[in-house]
Structures are given as structure tokens and as C-alpha cells.
Amino acid sequence: MTPALPLEEPDLFDYYYNPPGSAPGTLGIEPNAYPTEITLFDYGPEHFSRCERPVFQDCLAQVTCENSVTWVDAQGLGNQALLAELGRAFGLPALILEDMVNVPQRPKLEYHPHFVLITTQIVMARPKKGFWTEQISFVLGKNYLVTLQEEPTRDPFEPIRQRLAQNVGAIRSQGADYLCYALIDAIVDNYFPVLETYGDRLEDLEDEAIERPTEATLQAIYRLRRELLALRRNIWPQREVFNALIRDKSDFITPEVLNYLRDCYDHAIQIIDVIETYRELGSSLTDVYLSVMSHKLNEVMKVLTIISTVFIPLTFIAGIYGMNFNPESSPFNMPELNWYWGYFICLGVMIVITLFQLYVFWRRGWFHRNKILARRPSDP
Amino acid sequence: MTPALPLEEPDLFDYYYNPPGSAPGTLGIEPNAYPTEITLFDYGPEHFSRCERPVFQDCLAQVTCENSVTWVDAQGLGNQALLAELGRAFGLPALILEDMVNVPQRPKLEYHPHFVLITTQIVMARPKKGFWTEQISFVLGKNYLVTLQEEPTRDPFEPIRQRLAQNVGAIRSQGADYLCYALIDAIVDNYFPVLETYGDRLEDLEDEAIERPTEATLQAIYRLRRELLALRRNIWPQREVFNALIRDKSDFITPEVLNYLRDCYDHAIQIIDVIETYRELGSSLTDVYLSVMSHKLNEVMKVLTIISTVFIPLTFIAGIYGMNFNPESSPFNMPELNWYWGYFICLGVMIVITLFQLYVFWRRGWFHRNKILARRPSDP
Amino acid sequence: MTPALPLEEPDLFDYYYNPPGSAPGTLGIEPNAYPTEITLFDYGPEHFSRCERPVFQDCLAQVTCENSVTWVDAQGLGNQALLAELGRAFGLPALILEDMVNVPQRPKLEYHPHFVLITTQIVMARPKKGFWTEQISFVLGKNYLVTLQEEPTRDPFEPIRQRLAQNVGAIRSQGADYLCYALIDAIVDNYFPVLETYGDRLEDLEDEAIERPTEATLQAIYRLRRELLALRRNIWPQREVFNALIRDKSDFITPEVLNYLRDCYDHAIQIIDVIETYRELGSSLTDVYLSVMSHKLNEVMKVLTIISTVFIPLTFIAGIYGMNFNPESSPFNMPELNWYWGYFICLGVMIVITLFQLYVFWRRGWFHRNKILARRPSDP
Amino acid sequence: MTPALPLEEPDLFDYYYNPPGSAPGTLGIEPNAYPTEITLFDYGPEHFSRCERPVFQDCLAQVTCENSVTWVDAQGLGNQALLAELGRAFGLPALILEDMVNVPQRPKLEYHPHFVLITTQIVMARPKKGFWTEQISFVLGKNYLVTLQEEPTRDPFEPIRQRLAQNVGAIRSQGADYLCYALIDAIVDNYFPVLETYGDRLEDLEDEAIERPTEATLQAIYRLRRELLALRRNIWPQREVFNALIRDKSDFITPEVLNYLRDCYDHAIQIIDVIETYRELGSSLTDVYLSVMSHKLNEVMKVLTIISTVFIPLTFIAGIYGMNFNPESSPFNMPELNWYWGYFICLGVMIVITLFQLYVFWRRGWFHRNKILARRPSDP
Amino acid sequence: MTPALPLEEPDLFDYYYNPPGSAPGTLGIEPNAYPTEITLFDYGPEHFSRCERPVFQDCLAQVTCENSVTWVDAQGLGNQALLAELGRAFGLPALILEDMVNVPQRPKLEYHPHFVLITTQIVMARPKKGFWTEQISFVLGKNYLVTLQEEPTRDPFEPIRQRLAQNVGAIRSQGADYLCYALIDAIVDNYFPVLETYGDRLEDLEDEAIERPTEATLQAIYRLRRELLALRRNIWPQREVFNALIRDKSDFITPEVLNYLRDCYDHAIQIIDVIETYRELGSSLTDVYLSVMSHKLNEVMKVLTIISTVFIPLTFIAGIYGMNFNPESSPFNMPELNWYWGYFICLGVMIVITLFQLYVFWRRGWFHRNKILARRPSDP
């Protein structure tokens, strides 16, 4: 995610990888990454302080303090020196820091003696543009939490910073694990509005595929399926991470917070349920589209067939009487041309043939135009 | 589910979610929710009392009584104060109450020290409209049961209230767990009539797709598949809940009632079996529809081709003798026009060509109209 | 299954269910069910007795006898009083009797202190009509076996009754578990002729789809897939039942009979294998059918195109010389009409155009009629 | 498999089953089965003897000998008496002998106190005919091995008999379990040439479907998919058998031979991998075929449309000037017919119309013939 | 992989197998295999030596040395004697050497008392040609590592050899297990550029299928799906190997290196995720292609239908007035021909008919050309 082109279509292949053969622990700083900005929150039931661009020596002194929780809220991956300093300050091994900085990674959970590392993805809806993802890493220690996001501009955490500052709810009287849960909960809840836009798009596409399918309809269905695949690839490993968190019972997370995390896990399952349902619907919408197209072809061919089969025999009869056989050479050469009622009989025969054909078509039901149901059948 | 539009098509996305970042335990009261109504049943082998709009202090006194079962039957989610009072009276944590009130949730089971929470969905058939769902939560304690439904108007529990009042069967001599089972059993059995309507709709669509497919047929198939997906998303987590109930052997459920619950579980499996079968049939019906459409196109094209190929050569011959080459300039210029039998020979040639073409088409089987089987092949 | 319409098409939805909210243990007697008939077999290595319409008091005296096996062979679900008496005589709880009488149920296995309950389905081939199912329940006690079938008319057990009466093989010297195995084995082996008819139907449909596909072909393929789905829904839970029987090592089944039951389990797996293969073949036959249809459309369109493109230019030329431009007004007005060889040159040009077009079509391979392989490619 | 028609197409349904209700242990001897031929090999590091049509009393004396391995190599299922004698000689229970003789059975593994029974299938490639299967059973005892094949004519074991006779490699110094492994290894390795022919056929079908698809192409694809399904049904249970052999650690197989069997298991996994890949490719080839067909239809329709739309307006113009309105009745009646340049102006208008239409078609790219890639794109 | 045709399309069937029945441990040396070249690296924190074409006696003396790691880097499978000598020098059993030399094998992991054998595949991107695979085997002992590759020319290990020679990072101070990890990591990371080319090809095919689909498009989609299947068959067993390595905790791998291997495993999972997503997209691209083709057919048919239905009635009218009914025989024979305004009225009727038809087509939307979206809808 770069500031220059923040809304462009993500590539199909979007994992970060170091050049094969490079030593482990290499930090891949992209040239157009956001500059790193770090904010430090320190709070307890009774106190709250917020410090931007902190000096880490001061911070670490606070981390050692027992009845105080420290949240290092880092954003932007552009400043290698600052990130390395952050890593040293909190004792993060090189491989860990690499996973936090070389984005995107598959969401994962790793236990370390002094902390737990959770790497996951934030998903945010973009108006008319599917969604936008960014990586976030959590380093959860005994009474501190370090978070590292890709970008400083968009995140769903502002309500939580406000709850911290204004001491809303129980958040200030709880530990770092509760803060971590609150952030993860915000990430998971953020999927729901994204899914809601997909549900709306799917319903629009249903209407479009049935009422006015164009070539763009199938492209849109294809695009939707592609985005849902990406979304599934995103939430699926998060579900595994939450499951591992709940099951493994780490020292850094109290049983009470585990209970809250179970809620996050339930939500992740809900999200996967919805995505799978949407994917199946997207797949059967393709069938609907193809059948509507084939129905339209049928209609076009019917028009051609009716017009052709009605007029071709008539034109043949007109052609017969346009022949120049010489009535004077023989009494058998087209005597009809000289009959008194010849022309009217000829027209009469044509009318009879036409009526007969129209009757046959009517019997076959070719004039019965299938009304396209403009509204869904279960509407009132 | 709102009283204003109770029968409208449910949206594709139908899970409740709080705004991301909001504190856990927030009750989301929808403005048009039904007002909360609470009825209290208290019964034992020998006594039965029913009290509407109870004062909770009185109720809780009864709950403590050993040989009496209390059922708090709450309906409607519109009254936040009353719901909060209910929660306090039975000691429900904020997170639990949130799950009961913020509907719909994915069905789930949670064990707590003093009670078990079961959240599930009631499914009821709607005439011609698929089905209608509503959430119900069970809080099952030692000798009490609290149920909370979305709406007061429709539920499948009336027969159970009557069995309680009239002391039919063993229900009055059993504990709260048996009451809970009886309610769950009614919920599960309620799926069967819903499935029966789907079976009927599928059979109607079979006939329609084969005999008189219109564009609306495929829409109806698509709609059916969409509703079956929704139904599966509904029953699947219920199965998990029943399985967990049976496997986990909680203190609040006696072995005898567990045996009954195994029956519910068997029924849930049956329901899933049927849904999966229906979904596969719906998918292969789409193939049938597409093939019938392509068969119809074939028929239309055959008509066009027969008429065109018969008359186009004849029209050409008529065109030949409509040319104005001057027989007087040369004896080789269209002498046929002056032949004695010229006209009849010309007509004869046309008839021969026509018969030959008709013979060729007959040999290719183009006149063999495939009868559409109006009845299913295994009917008598 | 009713005697009045024994061969009608089964409905898609075919599970029994009580009205939601009814008390457990309710026996659902259908008005047109067969009257219940009970036969009692009592046998040991040395003795064999058969008694129709037994008085149960006498029977139960025999059950207590150690070296004698009692088989209560009940058929027909029409007589509620008799069924209830049977239940009381063998101490069957209400819920068990309900599962035995309210048919059909999903096959299942339940352990009880004094007996094992096995509920399963008998499948029998019907000439040209798919298959026909009926429920059978086994109550296997220490030295007795109670079986309850839906109908007295059709079952695959006659050879076993004869082996009992005539003391063929080891059956008289074995216990009730061996009898139970022998009956189950007959049920499982009964699937094979059913599958064989499906294999034959599938091969006929293969030939039909390739050689002479009509609209009825696809209906037949669809019907086959629907019946195979029903068959799979039938055998799949039976496999689970056999697996549970083998794995759980109940007291009522000796290790030797367990060995025999392993054979039944192997056969059930074989049956599922075959059904899955047939289902995949049915699905790819649909592709073959659609492609043959599209091939036929291609052939029809080729005929139309050849005839049209050959004759349309010729007709145009004839039209040219049918125009009435007045050669007398100007020497440039259609002087060809007065040429000495005009008519023959005109015909010659037409022949050249025709030959050129036919050559082009021949080069494109449009005259190469694809022979339809009447025989399968691997036939000799 | 019968000698009379050894190469015929196998039926879809090909499992053996006894009539339902028959006693277990019934031997089903087919009338045209091969006569049974038995060869006895007896060998050790130092000695080797081969005896055809052995007398079993002599053989069994040798079996008791400790440092000697006996291989009873029986082929053909036609001689019931001889097979029964073989069964008695090696103490095989009736149910075991039934599984060995009533072919084909699903591959399986059974442990018995004195031996292990392995039933599996030999698969051999047939020129142009898919493959041919035959059942083989292994009865592996402490120092003897009994094998029973369906037919004496074709098996992949000749190289092993030669290695035994010529004392090549370690085979003579190993036990009966090693011999059993060597035979199983030959069976598994025999799949590879079969798969190779399928790979070749699939590549030929790829070329055919793209370059010159006929109706026979899809039949061949369908046939290939059908045969791959049969092959998978064949190897899949063998994989289970090998897995059980490795996992269960029987007394009859030394750890060293278990190591070798692990190799067989790896090969079975490889074979399943390849079959699954081929099946997916076969399925997507159907898509390619259908799309090539639809492309051909497009081409045919384009030819028709170009010819028709070019000539139909021209023919209309010619028709106009073929009308007989009388120029003498009115100066407005077709005065063009008498113009000096009338005919040439008319022809000129026709040429202009034609060129315009051809330009429009050229702009739409209808003359751009899509070259069919005759070679695969990744070829050099 | 042979030097003569290094870039040719790999066959569908590409596993090595010995002729059925051959003794285990046979080395299959292909005639055109690369000659074997062996390089020996010996290093520790303080020393580094590199020796080409080593004499093994010298080498093995070094292997015994405790604080030194030996890497025998063998490439090419052409020299049977040298490979056998290598096997003897490091005590490799015949079956192991066979797996290393008879390529390709399915990736696998085997534990032996003195070493671990890891067999896997190197995948390298080829320009425009999919990818190219080669087998590599690792024999990891206490302080030595033997690797055997198919070819000396292409491998991703050059950066590692340089890191060794130049003492970059921690590699010289770690054991043989770390070297093994570094090589495996390079192999896994090598998949990412391959996947990236597939992502690009898929995006190109998306554009092509929507904007300018030709027959070659579907072939390219088919080819892509075939190559992704091959890639999946390649990475899937590697994932299993890594999983087994991590889970089984061998003596030859320190916990620290296990941690690093967990990273390789995570990457393998990522790769499989991406491949599965690409495969689903490839499958739905086929739908898009078919629908675009059917849309094009619709467009062609519309042109034909518009032209035909406009001109056919007009030509019929012109034909009528080209008939030669004799106006002199009767006043009813085509008096229009002599009307003063006859010709103009006739033309006027034709114009009215044409305008009416065009209006009808316009109302049906046939002139509304569906613009093909040239750019993807979510582009800015």
C-alpha cells in the first residue's frame, strides 16, 4: 500500500518475499512506504498519558512499572532505523521483526518466552472498490503491547483510543491482553460492513443478470468472485490464529480475556459462513447469466425464423409468376396470367399460406413472450 | 424482523454487528422491535401457575424452591430496561445478554458456572415465501429456564404450554432440562414442514423445467438454491450445538434428557441430509433447464433450415426464368420459354427437387419431433 | 408405503415426523398401513418351532430358556395395540418403539442395558422403477431377536427362514447375534442387484446420449442422478451403523459374529464406491449430452449455410437479368440480354460461382460428416 | 474374466455377490473360469525346487521345515475340489476362501491367528483398450506364502520367478514376507506403464480437442474419465491396505520388509496423485471441447451472415427494377429504366453498398480468422 | 531433464519407475544425464575450504572432525560409479541411493539411524514457458550434509555458496542443519517468482478473455490450469515433508533451526493458498470466456436477423410487382402497375415497413451495443 496510488487494484499475487537465498532477518523497506510514526500510551485505572515520537529509554522505564499498561502504537514501515530501534528496545529477534516489516504475511501466531506475536490483516471497505487490506502485528508482553501497522491514515482503532482517553467502560482497569482483544475485536467487526457491501452488490447483480444482462454483468460477477476469494484467503488464517489463541492458553492472556476472544472466534466463523454462501451464489449467478443469454438468442432466432419462413414461400410464388414463359407458344405456358381473377387468386393463396404459418407458430407458442420477472418472486 | 414488514425478503447479509470499536456488552435495541413481554410459568408434578408481566422479586423467590420448575418465557426485544432487569435478576453477564438481544447470532452453546446458554434459531414456513427465522436463547439453570424470543406472535411452543397447563405426558414431573429439550425438539421438528414445502417446490420445478421452461423457471431454481443455502447456514451450527450438548455432559442436564437430545441430534442430521440432497438436485436441474433451452433452439433452427433450403433453390429457378434475355437475338437465349411443355417441365423439376430435399431431411430424422415426456418416467 | 399404490414414485421428502410440540413417544399409525402380523421362531441346534400369531406370555417363557434362540418376526405397522403389547413384552421404552413405528427414520444404532437397537432400511429393486425401500428395526437381546418390518409382502429373508427350518449351514447352532448378522447380510447383499440395474441403465444412457439423444435422454439422466442420491442417502448411514457395531464391541455380539459383520461393512463400502462412481459418470454424461446437442446444432447450421450461400448469389444474378432496364433507351442498358451467347454465359458464370463455393466448403471440411461412433471405442 | 472374451469392455458394475440370503462361505465357481493350476516353489539360501501339480501332503511336510520358504502359486478359479483341498491344507476358514474365489472383491487386509490375508487387484495395460484387472489373494504365514490368481496367462511375476530360480539379488536369503513384498511391488509398479498410456492418450486428446474436434473426441474424453474412475476405485483401497500393513506391525512381517512396503505405499500415493491430476485435466478438456465447438458455430454463422447481408439488399434492388410498373402510364413510373446510364448507375449503387458492408465487417474483425494453434504454446 | 532438450514441455506422466519385477535398489542411469560433478565444502566459524572432485577418503577424515561442517555438493546423475562410491562413503543403503538417483520421486522424508533423508523438488521459472523442475536430495548427518541435484547448471544456491565463502551472516557459525535449512528456504522462496509470473499471466488472460477472446485464449487458460495442477502436485508433498520435519523433532535438527523451518512451512502454506486461488480463478475464467463467445454469437445473429427481416418483406413486395399477370386480360390483374403514382406508392409502402421494423428493433434494444469494458471495473 503506497500513498501515491492508494486505491489501485491489488495484484493477484500479493505476498512479500525476499530474493531466494538471502539471509533470514532481512528488512525489506519499500521506497514509497509511509514514514514511521510512533505514539506511546501509558495508562492504568487512575492515570493516562499519551506521548508522540517517544524516546524509548523513557518508555521502557515505564514498561517495568507493574500497575501500568504501555501501548506502543507504531504506524508506517518507511523508517528502517526507527523500526530497528523499536525491535531492540522490546527485544524482538530479527526473524520476528522481518515478519512484522516485510508485508504482507499470512496471519500467524507465535509464542516466545517473553511475548506473543500475532500477525494479522485489517480489512476496510472502499467505496465501490471492494476492500483494502493492511497488515498489523501485535507483540503482547506482560504489561505492554506493541502494534505495528502499515499506514497511519486509516484504521478502525480511533474509538478505542477515545475509550482509553475518556475512560469509557472497563478498558483502563484491564491489562494489556484486554487492549489487544479490543483491537482484534475492532478488526474482526470491521469485516461486517465489508460483507454487507458484498451482499448488496450480489443482490444488484442478481437483478442485473435477470433483467438487463450485458457483457459487463458477467465481468462484475467474475470480479465479485475474485474479491471474495481474496477475502476468504484473508479471514481463513485469522480464524486459525484465534483458534490457536483460545486453545493454547498462553500466560499472557487471562481466562477472562480468553472468554472475550472466543467471541472474536465466533465472529470469524460467521464471516467465513457468509463468504462461502456468497461464493456459491456467485457461482450459480453465472449459470443464471448464461441461461438468460441463451434465452435471448432463442428470441432473436425466433424473430428471424418467423419472418423468413413467412416470406420465403410468398416470394417464391411471386417469383413463379415473374417467369417469362411465353403464353403464346403454348396454351399450357402459365395460362393463369391471363385469367380474369388470376391476380386476386394468387394474392389469396399467399394470404392463406401466411395465416396457416402464423397459426402453426402460435400453436408452438412462439408468440408467447416470456415475461422477465422484474421483481424477485418472493417480494410482496 | 419488524412488525411493519414481517414478510419481506431477508437480506443476504443478516448478522447483527456492533459498530467496530464499540465496548463489549452493548445492547443494540432496534427502534421497531417488538415490546418485550414476559410470562412466568411455575410448575411441579402437583401445581401449575402462570403469571404475565411478573414482578421479578416474587419470581426469584420461587426459583429457589427445590421441587418446582420456573420458566421465564420472554418475547420481544424492544424494552431495554426490562431486558436489563431480567439479566440482573438471573445474574446474566453483559456479554451474555448482548448475545441474547443483538440478533441474529450464529447458534452457539456456552457453559457458565450457574447456567448453560443455548442460542439458536426458530425456522417457520411462510406460505409461498420460503421461511422466516427468529432467534431464541435458552438460559438453563438448576431448576429454572429463561427463554428470550424475538417476537411474541409466532412460535411453535403453544402445544407445549398446553401440555404444561393440562399436565399431558411426563412434562410436569420432569425438571427444567426436560422443558428445554421439549422446546428444542419443537424447534427441530419445525424444520420438517419447511423441508416438505421445498421438496414440493423442487418437484414442481422439475416438471416446469422439462415441460414448459420459461426464464422465470431458472430464477425460481436460483431462488430455491439461495434459500437452501440460507437454511443450511441455519441448521448446520445447530447440529454443532446439539453435538456439544450431548458430548459435554453438563451438570444441568440429566442422562435421561441427554437421551432425548440424542434424538434431536439425529433429526438435525436428517435435515442436513435432505438439504444437501435438495441442493444437488437444484444444481442438476440447472443443467436440465439449459439443455431443454438448447433443444428448443435446435427445433427453431430446424424449422428455419427446412423452409429456407426447400424454397431458396426453387426461388432461384423461378428467378432464372424471370430473366429477360432476348430470345429473338439468338436461338440459344432461353428457348425453354417457348417450349410447348416448358412451364410444366419447370414446375415438375421444382417438385422433384422439393421431394428430394424432404426425403433427405426425413432420412436425417429432422421431422421426428422429440416428444417431451409430460409425466415423469417412473409414474404408473 | 401403502398397499393401494405400492409402485408410485416416492416423494423427495420422505422422513416421518410428528407434529412439532407433540410429546415424545407418540406412535404415528398411518391409516393405510399393513395389519401387523407376528411370527415366532424358536430354535436351537436340535429343535425348531414356528408359531404364527403367538401369545406373548408363552413366548417370553421360551426367551428365558438358555440354549434356545427366539426370533419374533413382526411385519406391518397397522395394529397399534399389538405393537404396544410387543413393546411391553420385550421391555422397549416408548422412544424406542416410536423410532421403530414412525417410519422412515435415518438408520441408527442405540445401546440399551438389555438390548441393542438397530434401525435400517431394506432396499429392493423394482422392475423399471428404480427401487423401493422399507424400514426394519432389530432389537437384539441376549438370546432373542425382535425384527419389525413395514410390510409383510416383500423381504429378502425367505432363504434365511428356510435355512433355519431345514437346518442348512451353521445358523441353528449359533446365537441370536448370528441370526441378526444373517438378516443384515441379506439386506446389504440386496443392494447389489439394485446397483446392477443402475449400471445397466447408465450404459444404456451412454449409448443413447451418444447415438440418438432426445430430450427424454436428459430427463432419464436427471432421474438416474436423483435416484442415486436417494440410494446414497440410504446406504451412507447404514455404513455408519455397521462401523459403530464393529468398533463398539457390545456384549450382545460375539467376536466371531463381529468378524462376519466386518464383511457387511466391507460390502457397504463397496456399495458406496459404486454409487459415487455412478454419480460422477451421470454428471459427465450430462456434458456428453450437451455437446452432442451442440454438435447437432452445428450440423443443422452448416446445411442452412451451405444452401443459403450457394443460392443467394445465384438468385441475385438471376435478379439482375430480370430487371427491366430498357435496352432501347440506351446501348448501355443491359446489352447482355441481346448477346448471342448471353444466356449460356450467364449460366456458366453461375456454375463457376457454385463450384468455387463448394470447393471452399470442401476445403473447410464442411462436407466431412463426423461419423457418430455407434459402438463404444473399446468394443472389439 | 473369461478365456472366451478376454478383451471385452468390463461392465460398469463388476463386484461379485452371492444371492442375498445365501449362507456365508459359498464358493461361486463360474462355468468358464480357467482350470486351477498350482505350482509349488520351495527355496532357501542354498536350495530351490519347483514342483507343478504338487501333492499337498508332501508340500505341507516342507512347510514345517524352518529354514525353507514355500510358495504355493495357484492360478485359475475353475476347479472347486482343488481349491477346497488347498483351503483345508493351509487351514483357511470358509469365509476366507470365499473372498479369495468369489472375484472381484474390494482390496482388503485381514489378520488371522496363523496368517495374514491380503486381497488386491493386478492391473495390466491392454493395447488400445484401457486396462485389464484380475484379483490376487495372498495368504502369508510364518514361512509360507499362498497366492491365488484368476488367470494363468498374464501376470507380472515372471521376473520374480526367474530371480528365485537364478538366485538373483537377496530374494532367496529372505523370508516369505520378502517374497510377498516383491510380488506386491511388481503389482504396484505395473500401474506406471498403465498410467503412462493414459498420459499419452490425454495428450492426444488435448491435440484433437483443439485442432480437429469431432463428436468422437468427446466420447473418447468421456471414456478416459470413466476408465480413470475405475482405476481410482482400484488403487484407492490398495493404498488403504498398504497403509494398514505398515501401521499395524504384524508378526508375519519383519521391520526390514516393512521398510520396503513403505516404498510401495509411496508409489500408491504417487499413482493416486497422477490419477487425480488426469481426472481434473479430463474434466477441463470437456470445457475446451465445448468452447471449440461453440467457436466453430460462430465461424459458420459468420459466413452465413456475411453472404446473406451482402446479397440480400442487392437482390432487393434487382427486384425493384424487375417490377413491371408501366412507364407509359405515368412519367413517375420507374423512369430510371429508360435513363441512358440507368443500368450502370444501378450496378454502381450495388457495388458501393457491397464495399460499405465489407468495410463494416472488416472493422468488426469478422474476416480475421482466428488461427487455431496447431502446436501447444509452450513448445519450442 | 536432459541437456539436449532442456526447455521442452514436460510430459504429463513424469515419475520414474523401474520395470515391474526388478530387484529393489536398481540405479536407473539415463544415457543423456549430466555427468556427475562433486564439490566439497568444509567450514567452521574460523575456516572455509572448497575442493572440487574430492577424493572421498580425505573427505571422510574431515567429517569425523567435531567443530567443522562438511557439505558434499553433488550435481548430475550420469556417473554410476561415482554415485555408488558416494553412497558407500556415507553408508547410504541401496534403496536410499535408488530414491536419490531414479528421478523424479515424490518429495518425502525418511529417518535413518545415522542421517535424515529429505527428497524434494526445485522449481525454477522459465521465460514464457511455465517452470522447470529438478530433484534434489538431502542426506543430513550429525555434522555433514550431502546434496544431490539432477543438473549442474541451474540452481538457486549460488547466493548461499557466496555467503559461506564470504562469511556473511550466521551461516558459518551454525551446524549442518542450518545449512540444510538455508538451502530448503532458497528452494521454497523460489516458488514466489514462479507464482508471480502465473499471477501476471492470469491477469493478462482476464483482459484477453474479456476484450479480445480468440480460440487461443481458452487454450492458454487450459494450459495455465494444467501447469497449476503440476505445481500443486509439486508443492503439496513438500508441505507434508516440512510438517513432518517440524513435528517429529529429529536429533539432527536443533530447536533453533526447527524455528526457522517453521518459517519454510508457513511459506509452503502461502504458496498452496495462492495456487488454489489461481486454480479457482482459472476455472471461472473459462465461464467468462464461454459467455463472451456466446455474446459474440448473439451479436452476429442480431446483424443477420436485422438485415434479413428488413429486406425479406421488401423483396417480396418487389416480387409481387414483378409478376407478369396480364393487365389486358382483366381489369383486376395488377391495375396498380398502370396507376399514375403506383411506383411511388410502392416505394412509400416499403419505406414505412422498414421504419416500423427499425422502430421495433430499437424498442427491443437490438441497436444498443453492449460496450465491452476495456478496463477492469475497479481501476481508477
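A, B, C, D and E are the chain letters, set down in written order, and residue numbers restart from 1 in every chain.
In this section, a contact is a pair of C-beta atoms (placed from the backbone, for glycine too) under 8 Å apart; a residue touches a chain by one contact, two chains touch by 3 or more.
Here the structure is a predicted model, which is why all the values come from computation and not from measurement.
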item: Shared chain contacts [chain A and chain D, defined touch]; value: E
item: Angle (degrees, nearest 5) of the CA superposition of chain A onto chain B; value: 70
item: Averaged-CA centre spacing for the pair chain E and chain D, given as whole angstrom; value: 25
item: Distance from chain C to chain A - Cα centre to Cα centre, in angstrom; value: 41
item: Overlap residues in chain D, where contacts from two or more other chains coincide; value: 290, 294, 297, 301, 304, 308, 312, 315, 319, 322-324, 334
item: Chain contact topology (line, ring, star, complete or other); value: ring
item: Ring topology as an ordered chain list, initiated at chain A and continued via chain B; value: A, B, C, D, E
item: Chain C partner contacts - residues on chain B that touch it in the complex; value: 156-160, 163, 168-171, 182, 185-187, 189-190, 192-193, 195-196, 198-200, 202-203, 206, 210, 259-260, 262-263, 266-267, 269-270, 273-274, 277-278, 280-281, 284-285, 287-288, 290-292, 294-295, 297-298, 301-302, 304-305, 308-309, 312-313, 315-316, 319-320, 322-326, 329-330, 332-334, 366, 370-373, 376-380
item: Footprint of chain A on chain B - complex, ascending; value: 7-9, 11-13, 15, 17-24, 95, 105-106, 108, 128-130, 214-216, 218-220, 222-223, 225-226, 229-230, 233, 283, 286, 289-290, 293-294, 296-297, 300-301, 303-304, 307-308, 311-312, 314-315, 318-319, 321-324, 327, 334, 336-344, 346
